[in-house]
Structures are given as C-alpha cells and as structure tokens.
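Next up: some structures, all given as structure tokens.
Here come two complexes built around chain A, the first alongside chain B, the second alongside chain C.
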Partner chain A sequence: MPRLKRIYDWFEQRLQVEGPVKEAVLHKVPRNTASWWYVFGSAAFTLLMLQIVTGILLALVYVPSAAEAWNSLNILNHQVPLGWFLRAIHAWGSNFMVAVVFIHMAQVFLFGAYKFPRELTWTVGVFLLLMTLGMAFTGQVLRFDQDAYWGLGIGVFILSRVPWAGGALVHLLLGGPTIAGETLTRFFALHVFVIPGMLLFLVAVHVWMVLKLGINEWPMPGRLVRKETYIAEYNKLAHEDGIPFVPGAFWKDLIFSGAVLAAVAICAAVFGPSGPGGQPDPSITQTVPKPDFPFLWIYAVLSYLPPSMETPFIVLAPIAMVAGLLAVPFVAGEGEKSWHRRPIAVLALSMVAVSWAVFTHLAMLTPWSPHMNAWSGDTLPVEYLREATPLVRQGAVIFQAKQCRNCHSIGGHGGERGPTLDAVATRMTPDQMRYKVVTGGGNMPAYGKNLSPPEIEALVSFLETLHPKNEPPAFDASQQAAESSGAPAAGSGSRTP
Partner chain B sequence: MSDQSDSPRKPSTEPDIAAGSDRKGPAIVSRRWMLLKAGMALNGLVGLALAVPIVRYLLAPARKDSSYKSWISLGPADSFPMGETRLVSFRNPWTRPWDGETDNVAAYVRREGTSQFKVFAINCAHLGCPVRWFPQSQLFMCPCHGGVYYADGSRASGPPERGLFTYDYKIAGGLLQIDAGQMPSLSNTAKLVNISSPTNDGDCPCRG
Partner chain C sequence: MRRGALALVLPLVFALTGCGRLPGARAEATPARPEDVLDFHTLYSTNCQACHGANGHNGPAMELGNPEYQALVDDATLRKWISGGMPGTEMPAFAQSAGGMLTDAQINAIIAGMRKEWGSPSAFAGATPPPYAATQAGDVRRGQQAYQARCASCHQKPSRQQVTSPAYLSLVSDQALRTIIIAGRPDIGQPDWRLTDANGSARPLAAQDVTDIVTYLGSLRNPAAVSAAPIPVPRGGTQ
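Showing the complex of A and B:
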C-alpha cells in the first residue's frame, strides 16, 4: 500500500524511531534464553499496564474523600454497569502483579542474573518490588472500608514504634492525628501520582539496562562470571549462538502475558471484586480486621513475636530485609550462576519461600484470634451433657457465659487461641484446672477475680467430665497414694462426695 | 549508530572546557559557560527558596500531640453506672469537613468511684485493632491477635506489651471530659514497656 507507506514515512521522518526500535527488537540474545523461565519480567510489565488502565477507569468514578469513598465503591459495585468487573480486574491484577514480581525476583536470584554487570538492574528491581508492595498497600487503603481502616491502623502502630521520630512519622503518614480525610487524600496521591510515576521511571531504567546489557544467559555449571572476561564472553555467546529477540524469544513472552491477563480476567469474573467491607466507622467495634493477601505473613509474624522482640524486630527487620536484598549482587557479584553449584542460594530461597507460605497459611487460619461470638453462638455437643448433674450443667453454662469458648473449642467449635478442651480431663487433674482457671498463665487470663468459688467449682466439675469414654481422667498419683495409706491429703475431702 | 557522530569529536578540547576552567587557565572560560553557570546558580537559588515553603507544607501535619488534642465531653458523669464499663463514642475534635464517619471515635468508660474513672482507648496496645468488652468475664478481647486485658485495662494475655491506653479525664460541671483528638499509639513509648507492671495510670506519656 503506497499510501500507508507514505504516511509511515511522513511520521518516521519526523519521529526517527525506526532505528532504535529495530535495534531493540532485533538485538541478538543467547539462544537458550528463549525459555519459559524468562517470561516473568514482561508479564509483570503487562500487569503494570493493566493496572494503569483499569486504575484510570476506576478513577472516573471513585471519590477520594473519606466521607464518600466507601459509597462510591458500592456504587461502582452495584450501580455502574460492569463497575464491579473493573474493580475485580484491578484487585486481581494487583494480586497477580505482586505474585509475578516475586516469582520474577526468585527466578533472577536462582539464575544468578544479578551478577556482574547486572548489579544495578537488580538494585532497581528491588526498588520496583518495594513500589509494587507500596502500590498494593496504598491500594488497600483506597478501598476505604473497615479492613482498610484498621489495616492502616496496624501500619500506624508499626510506624509508631520507630524511636524518637515515631510520632512525627505517624502524623506525616496520616496527614493529621487520626485516620481521616487528609489520610485518604494523601494515600490517593501516593497511589495515583507518586508511586506510579516512580514505578514507570524505574521500569524504564530497568528495561533500558536489560536491553543494553543483554538478557542473562542460561547458567551453566562451571561457567564462572569474571569481571575481566564476562562481557566478551557474553557478546561471543550472543553473537555465535544467538537469535533475534523478536520473534525468537518474544513469542513466549507474548503468550505468557496473554495467559496471565486471561487468568486475571477469569479470576475477576469468577471471584468478583474485593470488598468494600463494612463502612470505615472506627466506633464500630464489631469487626475482625485482616490485611490483604501480600501482607498476611506480616500479620502472622507479629502474632508470634514475644513482646520483648516487637519493637526491635518491627523497626529493624524491614531495614535488614531491604539491605540484604540490595547487598546480594555486591556480595556475590562474580562466580557461579548455576543453581547446581549454589546450594546456599537455593537453600536460602527455599527457606524464604517456605516461611512465607507457612506464615501466610497461618494468617489465613488465624488460630490466635478469639472467636468473638463463640460464647453466645456455638452449641455444646449433646452427648457432653447427657446424664450430667446440675452442677456439671451449671459449669457448662459458666463455660459459655464467661467466654471461655471464645478461646477454647469443644466438639470442633469455638476459638483456637487456647487448647481444645474435649479431652482436658485426661491432661489435668481438677486441682490443676482450678489453679489454671484462677491464676491464668501462658496465654490465658487469670479468672480469679471474675469467678466466684462456687462458679469455679461448677466449671471444674464440668471440665472433669471432658474425657473420652475409654480414657480415664487424670489423677494425682501422690494424692491417691496418700489417701490409700490412710493420711487424708489436704483439700481432698472437701469436694469428693 | 550513535557512536558515529560522537567519536570523532571526542579528542577535541571541548570536553575540557566543559569540565572546568582550572587546568587551562581563566582565558578558556568562555562567556557562554559563565552564563550557563550563572543560570544554574539562579535556578539553584530559586529552587532553594521554593523548597523551604514546600517542605514546610509537607511537614505541616507533624505537630506536637498537644496541639491536636482538646477536652471533649462524654456526657454527665452520673450517667455512668458505678463499677461498670460502657462503650461511648464521640466526634474527634480535630476534623476536616470531608472526614465523614472516620471522626467517630469510641472509648470505654469505667467508673471506679464517685469521681474516679478510667477512660480506655478502644485500640489494642499491640497493633491498634479495636478491642471488645465482655462484661460477663470482665475482659477486653482483641480480634486481631488475641490480646486480652482485665477490666482495669492491665494486660491479661497475648502479644501486647502493656495495658490499654487511657485518656486523661476531668469532671467539669458534672460532665465527664477527656483529653482526646489523637489516634493512640506507641509513638511516645517506642521504648520497651515492662509487661510485669501493667499500665500505671499516672505515668503513661502516650495518652490518647
């Protein structure tokens, strides 16, 4: 088509982009990098584009005002045609982007791609990871519901532990003394202008370096990276055993990116948007806040830290993690790239992956959170009370009414913060139970002030019945020995009928 | 290729001039380099002058806690029954017109004597989640990580390092007033708090 060609030439004469684009597209890459392992970076970029497009579309309706944000999200969900779908794509795109960025980083680490001369590419990548997480967190705040409110509250409490500057940092984060109007507007500015701007700039730098330095060659055991020889070796490899980036390697990127986009769309259509949950009214205490998926592991770690470790860990761990990531290429910038010869790297990566998975899994199950409605809502299995004496029945009522059930499950229902009590009588003697109820200890509050002695007796007599039929309750051997030898042990005579 | 245009010129003296005048003597400092430096200096000065108000604007929210707080009435002191703990809510004194419901703040008021009160923030001292009061067992329980507090606000169990935060209160004209306006946090007690001596009503520097 000569006319099309003429139009093309008119623009090319003025833009002059053909040269650089051809150079980028046709530059040779080592043949074996045209692998399915090398598709995650481009997929992350595709997801970033998806997030930008869907983010702009959501901004057409969303109102970044503390008074209106929650309403506008509900209107997006229920009144704007397909608003729910756009929200769902943005939310799922975020989940996928965080996941793909992490996978990309793990692959780059495993393939030794951060070594000379790609140290700076890795460094920029670390900041891209931080910004991706920053986008996920600020995005969670923009979904201005109860989870967003209290999730940010957790962020405030974490930041407030910074010595000396904590108070000022909290004020700067919130734009005031509380989570309110100015908090949402500044998170909107961060989520929509500041972080995306930095992300796009750093992505450009990142991709520029990938083009200039070449894609990391497939690691071979025994092929060591040396600063003196690496660039010549790489150029030789790319030149002698190379293929043009397009189409040789690029078709896999395209197909994977398409598959990821399809996965996002399917998840969005099937699972729908996330929230908004309850309205962001902090005077509503009937809420069980939980952070979004990428931050669940932090939520779990914070539950397990002993109190004395909280502040040192919370303040130092993020700094140590980022410093550790940044140090990787400068500590191990040369040498082996192959995972076959880097056992420590493989172990470290596996350990991080397993820890992350375990903590995320634990956070999803939340065994440490009391079940706030167990005491009033969960039923006791009938067989536990069949042929029970009035005293035992009264103990069962006290067990429920005093919220023991919120932390202790019976018959598979109730809280899991404390041990399940279906067979407690086989583990503890009545005296031990009495002592534990009165004084607490471990993770249990002391009930001594909140239960009268008759209530404690009733409660313990109920707990005494909690043992399997074929398993006898625990007994105090010394007490039995003392009784059989004729000398009554102190306190034993008062209760037994 | 970009190299083609640049490489032949590189050995010329231009980069030296650009790099500075010191080595070649003042004669080489051309007028245009002088003016460029003057332009840079001007922009630097104006940039600095602009940076001062910009930084002050950015840092504006970082103020002293006391400047955000003021005394708020929670209603007649006698409306709180003796020995009981009640959930109250009030409007935060520091507001913007577009705050919406976020200005609703809740607190627990416990009346311990005719004019003795304890006013607890609902925020758990661990990570700020809203604790719930259970009058039957006389416990506050946190839904996040299972922090539990006794009726007097002291820590009972779970991850918190300390008891519940308390607000300063006074009774004026029969009204119970608290000094509120700030989200309670550990910001003024980032140092470790000894959990064996739970909240001492008098010496907590981090009141709501």
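Showing the complex of A and C:
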C-alpha cells in the first residue's frame, strides 16, 4: 500500500487535481436538491458515454460508403456475434438520450432553474439539445436504408426551402445536388467527428457551470430570485442546510442512470435494432418510409399543413423555436421559480408536450405519405361488389386504377391522406361527389382533365354505392323532385340507355 | 478465486449462448429488392388483386381465377396483356420495358403461378369453346338478334340492362367482352358460352354468334353520347 500511495503522490504532485476534484465532489448543495427530480441531467451524460462506447465499437465494422454501408449493417445483424445487440443498444440509447434530454429540459424549465445566474447553462443546454437531435438525425442517415434515404430526402427538401441559400445549403449537406456516396461520407464525418466534438466540449462547459454555480435549490413559492441577493441567499442555504454532493445527492443519480442503462438493454434485447430496412435506392418507390421517432412529428405536421403554408412554416418555425428557447432566461431571468406561481410557464410546457404527443401519435397511426401500393394491392371488400352493376364494377376498377385508393381507405385498407370513403354516399350527393372528383381541392387532386365522361359516370356510380345497407345515401331534395317529374337523373348510376 | 471466476464466466456463457434467442435478435433474412421477388402469391397480391380480386375471384375486373379462363387463353396472350396492358381498358402495363415495375422473369412467374393455382385440365369437360380471339368479321344485325335471343332473357331486367349502355361499353374492350361471353364469370353469375335456350336445353353459342354479339355491343359503344352531367356547384342542401 505505501508503494501505491507513493505513486499516487508522484502523479498528484505534478497534476494537482486532488483539490479541484475534492471540491467538486464534496461541495455542499442544498439538502432538498437531493431529489429524484434532479437525476435527468446525469442520466443524459451517462447515455452520452454509452453512445460513445457503442459508437466506437460500431465504427469498427461499419463502412461509410454508399455501396457497403447497408451490407455492413446486415453483417453486424447476422454474422458478428451479438452485433445485432450492439446496434440495438446504440439505437435505443439514442432514443433514450433524446427523451431524457427533453425531460431534463422540461424539468429545468418547470423548476425555474434557468434563472440568474444559470442563464448561460441554459443557453449551452439548448445547443446541447440541438446537437443531440443532430446526432440522432445523422445517425439515422448512416443506416442508409430506405427510411434513411427518404427521411433525408424530406430533410433536404425542408432545407431547400430556405430563401436564397437553399440550394447552396443542400449542396453543402449532401456533397452534391443529390443523395449519393459523398452524402454518406459527409454524414459519417458529422456523426463521428464534428458533432461529437462540439457536443463533448459543450457538455464540459455545461457541467463545469453546474459545479461552479451549484445545483438549483428546490423552488419555493414566494422565494424570488433577485440578481443582487441571490448568490448570497444560495450560499447561505447550501451551507446552513446543505449536504455534500457526493454521496448526499449522487447516489440517486447513480441509481437512476443504472436503471436507464438497464432499460436500454432490455429494449435492445426485446425490440432489437432498427433496420436496416430495404436498400436505399431512389428507383424503389414501393415503400412506406418512416423517420425515427424524434422527427416523426415534423412529418405529421408537414402532411397536415396546407401547401401554401409549408414554406413559411418550414423556414420560420425552427428559427422561432430556437430563438424562443434561447430567449427564455433573458426574458424571465428573475422572479418566481415555483411552478405554483408560474401559470404561463406551466401552460406553455403542457401545450408543447400535448401537441408533440398528438403529432407523434398521428404520425405513427396515419401514414404521412400516400400508400403507394394500395391501388394494385388492396382489394375491395367482397360485399361492396356483391350487388354491383357492370358500370359500378367499372367504376371500382377506375377507383383502383386512378390511385384514389392511395389516399383514401376503403374497408380499412388504403392510404389515409384523404377521408375514408366507406360511407361517403351518406355524406355527399352524387353531384357533390362528381364536383369533388372533377375540381379537387384541399389536398385532393382535380381529376377533371384526366377522366373521360364515361369514367366519371362509372366512378360516381361506384361511389354512390358506398353506404351501409341500413343507412340510405344522401340525396338532394330539389333534384329528387325533378327526377320524379320525369327529368333525367344527372348521371345516376342506374341510368339506362 | 476459482469460484469467483466461475461466477463471472457462467453468466457470460449464458449470455452468449442465450442471446441469439432473445426476441430482438435478427433472424429473418435481409429484405429482398422488389424486383427480386419471384413468389407468385406476393407478386399477385401486391400487383393484381386490387382489381382482379383476392385469389383471382370477386374483384371488379376479369376473374383470372376462373379455370375456364385459364384454359381459354394461352401464355403468349397473357404475357402480351400483362406486359403491355390491355388497350381500351384500365389494365395497366406491368413490364419494365413498358414503364411498369415488373421484370420479364416476374411476369413469367405470375403466368406460371396462375396456371398452377387456377388452371384445370378438365375446365371445359371435353367441349370446345369458340376461339379466344375473333377470327372473322362480325355483323351488327345478326349480333342484335343473337343478343335478343340468347342474352336478353337475363339482361332485360332493369338492373342488368347496363351491359348495353354506352357508358359501360366505353370502358370495356371488345376482347374483354368476348372473354366474358366465352369463359363466363362464375363469381358474378355470368354463364359461359354454353348457354341454355328458352326451353332450358343446352345450346352453346357458335363462334360466329360470339363475334356478332361483340360487334353489336361494340356498335353501341359511344363515349360522346355520355355527357358527364354539367358540373353543378353543389348546394349545401343534402339530407
């Protein structure tokens, strides 16, 4: 033992880290910060370490070339022992990290922990969030399967909407005008060198400030933050009713980080790695690509936006969001910390959380792109055609052939960009349906130029049959009167020569 | 010490041997490229069944699963329609050479699969049907008479009259009509060419009858007569 001590001393004499480390480890924090609410930051840090370790291991096998990337992931999945598990851990670690970072941020926001003197900690944190998302996005691209390809395609489409610089930005990101081999090398560099480098640097700054400024005390209603008095108040609190950071507060961090790691391992073992799905190839359009979950909501929002709003939204929304986040500590740097006295903050947070959940849910439930195969692959329910007349049968063929099915579901199958049409005849008269088909509107293409009169008649007579047996189709009262007085029914399905 | 090592090694061994069986482990083969799929059922259900029905029956378009249809038509004809589409109908062209998604090998796999699944050597029970394709010209007047004599018994009911409507006929080709008359469509109740006469005794249509009827129906085809009703601006007043 004395020999060990001597070696230790030899190093300590030269490095002199004992003092700072002791200070960091033993510095007093207010007793009530040793709470289960304060564990998310350290969990994010643990997950970052996990991602670095698993990422390095993955890089040993992964080949960042367009020709080899997809194959090398399949080799990992099927040939390298436990390679699939490594991929699964890295993928799930990423999902967890994004989630934990968001929760951490929500907690900091709710606890007013961004207020004086921790404004810069929050600002750096916002950039850490962006880099975490950047890692998740670039990582998804490295999978270089169909999801990655189309996910990136839409990301690029978003970028290309930036006024003036759009084209140049796309070129910079993709290494050319299209997604190709250079794109993958670029994303590899981003994912492995550029973003992690910045991430680690900013994490160091972030943690340094947490240690130096102390952990935010538990917010009490009525205890206001004032720039003149806060530091003194905090020091008093930490010294009079404080405990050393280690082990007083630290054991909860350890336990929670351990639990998160276990959860990652369990998810990895049960759900496995994600993909790689089909080969990335622009010529394969028989696919329903889906981006990873942190980005799902964006695609849902985009698919629900009217086209005229897309560009302003795409360009302005991200800027507004980041600017809003950065502004938080400078707008509300003083005053109440407790959520009991900050109704607007609580409402804002709940609103963001609910909208995010709703859009993610929508994006998971309803495909945000049309079902490309529905027209040739989804059958019509047999009972819908049982009573069909020849014209109705032709209408059904046209319905399939003109790819109406890619956007409209029938019998539970088909795309969901447009409303399901199982009972459309109870909502619309034949005239209204004909009008809709011919003129389109509201994300429904206008078919007027692409359908001949017989095709329109057949199509409408098929749509007219789409109503439940016990529920009569909608009809136009004035037209019925005309019909019964002998005027020809305008294109009704049972018209005879 | 030794026990400690065992305690370390055992879980490791368990982990390494058991992990392959965890639910997340990837066992399934890597996804094939769409153009490498040669399985008939996959090809049929992703490309054809929306129009021709699951298993070739009950779809809005031709009943490909009808054994009589399979016996009537030869491979070259099938290949022609599937590759290049059927002019005058909504049957799309599937061959890559015609802008479709399927390779020639896939089209051959579909044809072979239809023969195997739906073909039957005894489909006609010894009878000889009229040829698949018309061989001589038809005559409208004779066709009208034949239609009245042989088809009208079923097709004069108001709900079945559409067979002679210009709108319906504008959407089907002569060949599709001919195929339906000869091979029938058991799934919708259309009999094959071996119709019974008014007394209920079998009196199959002759090849010339079929051609004449198709010519007659073709003469009624007149897309211009189908004016799509003027597009009214819908009034809100639905009930």
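Here is the rule we go by: the second predicted complex is superposed on the first by the 461 of 497 C-alpha atoms of A that agree within 3 Å, B and C clash if a C-alpha of one lies under 4 Å from a C-alpha of the other, contacts with A are read in each partner's own complex, and residues count from 1 in each chain.
In this text, a contact is a pair of C-beta atoms (placed from the backbone, for glycine too) under 8 Å apart; a residue touches a chain by one contact, two chains touch by 3 or more.
No experiment lies behind these values; they were computed from the predicted model shown.
Q: Just checking: does A:269 make contact with chain B only, chain C only, both, or neither of them? Give me first, second, both or neither.
A: After superposition on chain A, A:269 lies in contact with chain C alone.
Q: Let me test your reading of the model: by the given contact rule, A:4 touches which partner, first (chain B), second (chain C), both or neither?
A: Neither partner.
Q: Once the structures are superposed on A, label A:388 by its partner contacts, choosing first (chain B), second (chain C), both or neither.
A: Only chain C; A:388 stays clear of chain B.
Q: Once chain A of both complexes is superposed, is A:434 in touch with chain B (first), chain C (second), both, or neither?
A: Only chain C; A:434 stays clear of chain B.
Q: Tell me which partner A:401 touches in the superposition: chain B (first), chain C (second), both or neither.
A: both
Q: Of the two partner chains, chain B (first) and chain C (second), which one does A:454 touch, if any: first, second, both, or neither?
A: Touch status of A:454: second partner only.
Q: Quick one: is A:84 in contact with chain B, with chain C, with both, or with neither? Answer first, second, both or neither.
A: In the superposed model, A:84 contacts chain C only, not chain B.
Q: Is A:373 touching the first partner chain B, the second partner chain C, both, or neither of them?
A: second
Q: Residue by residue on chain A, keep only those touching chain B in one complex and chain C in the other, then list them.
A: Residues 279, 281, 284, 286, 375, 401 of chain A touch both chain B and chain C.
Q: For a test of understanding, state which residues of chain C touch chain A in their complex under the given definition.
A: Against chain A, chain C makes touches at 16, 19, 22-26, 30-31, 33-34, 45-51, 53-54, 58-61, 89-90, 92, 101, 158-168, 170-172, 188, 220, 223, 226-235, 237-239.
Q: Show me the residue ranges of chain B that touch chain A in the complex, using the header's touch definition.
A: The touching residues are 58-59, 61-63, 65, 68-69, 87, 89, 92, 94-106, 122-123, 126-132, 134, 136-139, 141-146, 148, 150, 156-161, 181-183, 185-188, 190-192, 195.
Q: Spell out the part of chain A that touches chain C in their complex, as residue ranges.
A: 74, 77-78, 81-82, 84-85, 88, 268-273, 276-279, 281, 284, 286, 373-380, 382, 385, 388-391, 393-394, 396-398, 400-401, 405, 427-429, 431-432, 434-435, 438-439, 448, 452-458, 474-478, 490-491, 494-497
Q: Where on chain A does chain B make contact in their complex?
A: On the chain A side, the touching residues are 65-68, 70, 149-150, 153-154, 156-158, 160-164, 166-172, 174-183, 279-289, 299, 302-303, 305, 307-308, 310-311, 315, 368-370, 372, 375, 401-404, 406-407, 417, 440, 442-447, 449-450.
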